[in-house]
């Protein structure tokens, strides 16, 4: 009985967090190990389903690197990268769209449904939802890589209000109706802004944002984050993630998180504990 | 971190139960030690608030014995009892109504609100909700003691749909508009039927229903319950409780429970564990 | 037939008033003789029911002086008064809450239902509706007497929109969840403001507000009222009533009335005649 | 003050009737002296407006005899009658439609609006509402006189739900879209059935239905009415009125009334007194 | 098959126009030859019905000149005109109301219904919808001729939202409840403003607005129109039509059209072709 | 002008068909040449958009044969067929899902959006919508090929009610959450039943169903169709199409069509002409 009461106490401890986030939209960028490791996948699925049942509104935006690479390879198509972003020629884009929309997105929908929820997959060209222009990075053309200009929340809302968890593949379309590859972090940030989300959670394969001496920072203001980038403390692949958070904060999202997706139930722990499990970046 | 993940696992374990009872009405008869012991009171309050937040619809019906007796005594009014039910003359009834509606009901509303919820107190004469006739027990008149004829769910629904936890004092009114004392178990059962509740939970000061040799029965069919009463195994104060469950089952309530209210978080444990903490009586 | 036609003419005369107040909220402070005299009680009840049926939205806020005093006396608890307001120590507060919420409020609900309406009783701690701070009057602590800071109209609206007449006991709660006694006139004024009521009617045991030489004033502007208080013409127990009206006017209530509750159908006459029966105070 | 209180009592006396008919549809056939006498017209208008304001749903169906005759005469068109019904050739029909829809209907709309209500005029061809076939009476063709086959309540409901009193001219259309003259009593009865009205009131120029020896019958069952027709006691122009009531009763209308429209406030007296002012025919 | 495909192409060509005007209100002033010629009448009816079915919201305001004159003549009533507007004495007004509301309005309702739609006729005194003051033109009293002060859109919306095409006779009422004759173009313009219509179409018996040398102008800005009036190029009966358009444009209507109603399907061609069939006047 | 009026006449001719199908769901199985030929693709897209705008509710279910084969080939995966249905082993299924959901479905969404509409792509595992069991055909296991057991219309309705055209890839999931390939005709038929569609249109690469001597049958009863199958007149690939129609008819779909998708605007012609362009099969 003692053990049961302890369990009840855990539920009770969650109450203030449930109350705080009740009916709020939480956008989660899903990727990395959390998407490839079987145990982490299962733990992610039940986390999302639990959030949905206790009254929060989770929205998933996923990446898709490894699968795309594998199919490109099998089809004998080679890629080049510029600053960590794939240069996407037309035949690569066909594969990107096929794999993101037809494999990765589908698997996550199935995953959440096996976890007991109901999900609907969307891509950025459903309802012309993620509107992009061609991205130019440092003067170099990346091909069919899009810069998000605007997200129309209508398709996501239609799906969420009917009781489904929206699972979004990071594709965009331009004015001419051409599809583009979009960075998943960037897509997640733009979706969070369009939905006026309370929280944006980026699941990553690192512990969080690190400060001087490689020390994990559990909390960071936007200003501090900008300084750390300027000083070169935040560097490499972490820069676009932090910038994505900064932009979301400017767009009205209240709290943004860089979370260690390699921990079981990382999403739940982030939402239901005071410290969280990674770095919180606030306005 | 291990400990945090364990906590997350506890939340996850609760998921199937949340799913099962989502959006369902649960009527809880609140009384006994759970209502007098400070720690149990606090644990009851957070249980109710948690249920509300995770999407269930708790409705509280309370008793009020000790407080009534105390005030009667201080006012120098004496009472007689017939088969455990107070004979309620007119001046006693005035005190019953005053204490149930003005003290006990108010305290429970305040208790739930301190626990973080929002509650509204009702008594059976609000909206002429609990309609009764004068009860006659074994040929003996019990005075202003009512037998519930019908419960109009409209006032309870108005309150619940506006987001409040209804807290109901077991009073009834007859056709002439006269108020009556109603047994709290009986009121809870009738309310559960009127609301087409999924569950009726009677909090008691015993472990549950006991079978031959005083062994706690964790599960019982209606038929078995009737036999045990006939055989005299279920006896004394437990008889009306079990009969109240049987009637609720006939009225369409799916599951009824006689639960040990002396355990911390008894309500939560009943709903979120397989075995529960007392006796389940099924149709 | 002549007599019947005369009766029809009376109904017709009421038409412009019905039209004027259609769908409007009217808050009535109920107290004094109107609450103790049997004939006046009955006339009040049918007045309220009639208002409800012809499309107005009456909300009742009641006082409760005599009954509280009587029970305090029977329980041997003595009270002291400061400027006409009871100093409320903790044990007195228990009695105040018990009697206001459990006896007086219940009786008014029953009264309106016997008159053919449907009512639901509320107290200021239902849904933490009447939020107060501890009142300090002229440097003297009055104990558990509250100053209304804010009224949350949600519980009243839930009840009124479901078709019931809300009957409100003047209790308040502070941030810590402690209950307080609130002056009924003050509570009625605050409720009228929160509901954006069209009219606030204070039933009293005097003819109305009197001017120089004790002459009844049938109409008064807020400015004139303030001058009469400053000049000492309005004095004694009438001051808080007039101040309550003035505050309600500032809060957006259109018309406030100090009405002679000793007249049969005082509420109806106030609403359905040009002159009204007492003093109208306008912005 | 005494006189005022007496007036309040009259309002209070009306309460049980208001309660009984609250939100119910009352169809009134308006014609005869009540439509031509200035004082009766004004009294009718305020009656209707009062009904509307206190929560009933009056629907007016009017006749139009005298005005049609006058215009026909001025235009030099002669008519013949069969059993009290005008034989309506095509040019007569043009005048009937013009006068009923353009003059009489318009005047009643204006009349109710001068009385303080808001009304919208409809004719039976609005929305193809009153669907008729050509009536043949005793083998004689009456020309463009319609027998009501079906009433579509949609146009009446659209107008009533938007807060207007529907005023209906008794015209019908057949399958080919041709308009027909319809007896106003018959139209009122059919409208009452289509709207599932609680009451049908036929305003006439007689005291009511008379029995043996010309004695006014204040109440009559459908069976008794049929017997009195069979025995020739009910005769002449009263027969179609009573038959219209009988048919409405069969169609589900609860109460039908033949009322003396020459009395001031006949409609109000009918609804708000026990005896009423004419003859009640019940199922 | 070729011919069928051509037909499909025509439907497809209409698509951008359908898209542009979807769910928009289009007010059409109906009068002149389009109302008297049998073939034009039928073509107008199907045009309106088609608009309704493909998701636009047509509202018809009609004139009624010839029919009024004919009945006045048959009744031996003579009229005088001031600047093309009939001086309307009281007996003339009776005829105007009778003919507009009882004949012309009814015929258009029947016409649209024969075309497969469902219509409801309204006049400006239904629901006191078209509120007017007495018009004075150049110091000369025109009798019962109204100047539109305000249009209450509620009756039109009630009818349109219930799925009917509103057909409005241009009558108005003043504050005293007296009815007035209103110029149909003026009424249509005021109705278009009150409904915040997207388009106002005036069907006329001319090709459109003509410029210098009598050349048809297919498009005109408000400023150009004002200049052409000032220069005397736009003259005679066209002046009030153009002024009506100008006022509607100021009132927020997006596009106004003077269209040649003598062309078959003029309404459809105006809406579904780029050039339209007459003169477009824009802000 | 003549030409314009002719065009207007074509629109008018469409009116009865618009009226007939207004607000009705039309399920279209899209496949074959209509999906591969550029001109047919464009004509299909505008047809769908037009249907949507004029008030019908088109739902698209597509096939995907050629693209799947092409990718399988490029990946070096070989397939075997049983009775025209692909035997789908696990690695084939991965490709099927990827191509149907990620390429074909996406292209049709983009196609409709380029045509001016707004579309959202769904696959049968979104919301666990198309529930299947493993199909066994003539004792031979086809691998991951599903037999549709039930379609949950909720995801389709959510998307359609938000104003988007649902585009559905024919995948299904079984109870264990495993995805299956579903025949597109079968999926379309099941979707039509679940949505209680008015019409099911199967776009094919033949003229329609042919009778004795290869003569095109423009209309066929269910009974006749069954006889023609029994007699061997309907044979080969046409059998499953006709059987799909028969099943839809039994499931309550009113009309089913086997239409020649090689004709421009085949969908529009089917809906807007009397004869249609293929074979109508009725109950």
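Every chain is named by a letter (A, B, C, D, E and F) in the order it is written, and numbering of its residues begins at 1.
We take it that a residue touches a chain if its C-beta (ideal position, glycine included) is under 8 Å from a C-beta of that chain, and two chains touch if they have at least 3 such contacts.
Predicted model, so just to flag it, every value in this text is computed and none were measured.
With centres set at the average Cα position, the gap from subunit C to subunit D is 46 Å.
Note on chain placement: the centre of subunit B and the centre of subunit C lie 35 Å apart, centres being C-alpha means.
Mean C-alpha position of subunit C lies 56 Å from that of subunit E. If you average the Cα atoms of subunit C and of subunit F, the two centres end up 68 Å apart.
Within subunit E, not a single residue touches two or more of the remaining chains. Chain contacts in this assembly form a single closed ring in which each chain touches exactly two others.
Going from subunit B to subunit C and on round the loop of contacts, you meet the chains as B, C, D, E, F, A.
Per the touch definition, subunit F reaches subunit E in the complex via residues 1, 4-5, 7-16, 18-19, 22, 43, 46-47, 49-50, 53-55, 116, 263-265, 268-269, 272-273, 277. Looking at the complex, you find that subunit F touches subunit A at residues 71, 74-75, 94, 97-103, 105-106, 109-110, 113-114, 118-123, 125-128, 154-155, 157-159, 161-164, 173, 177, 179.
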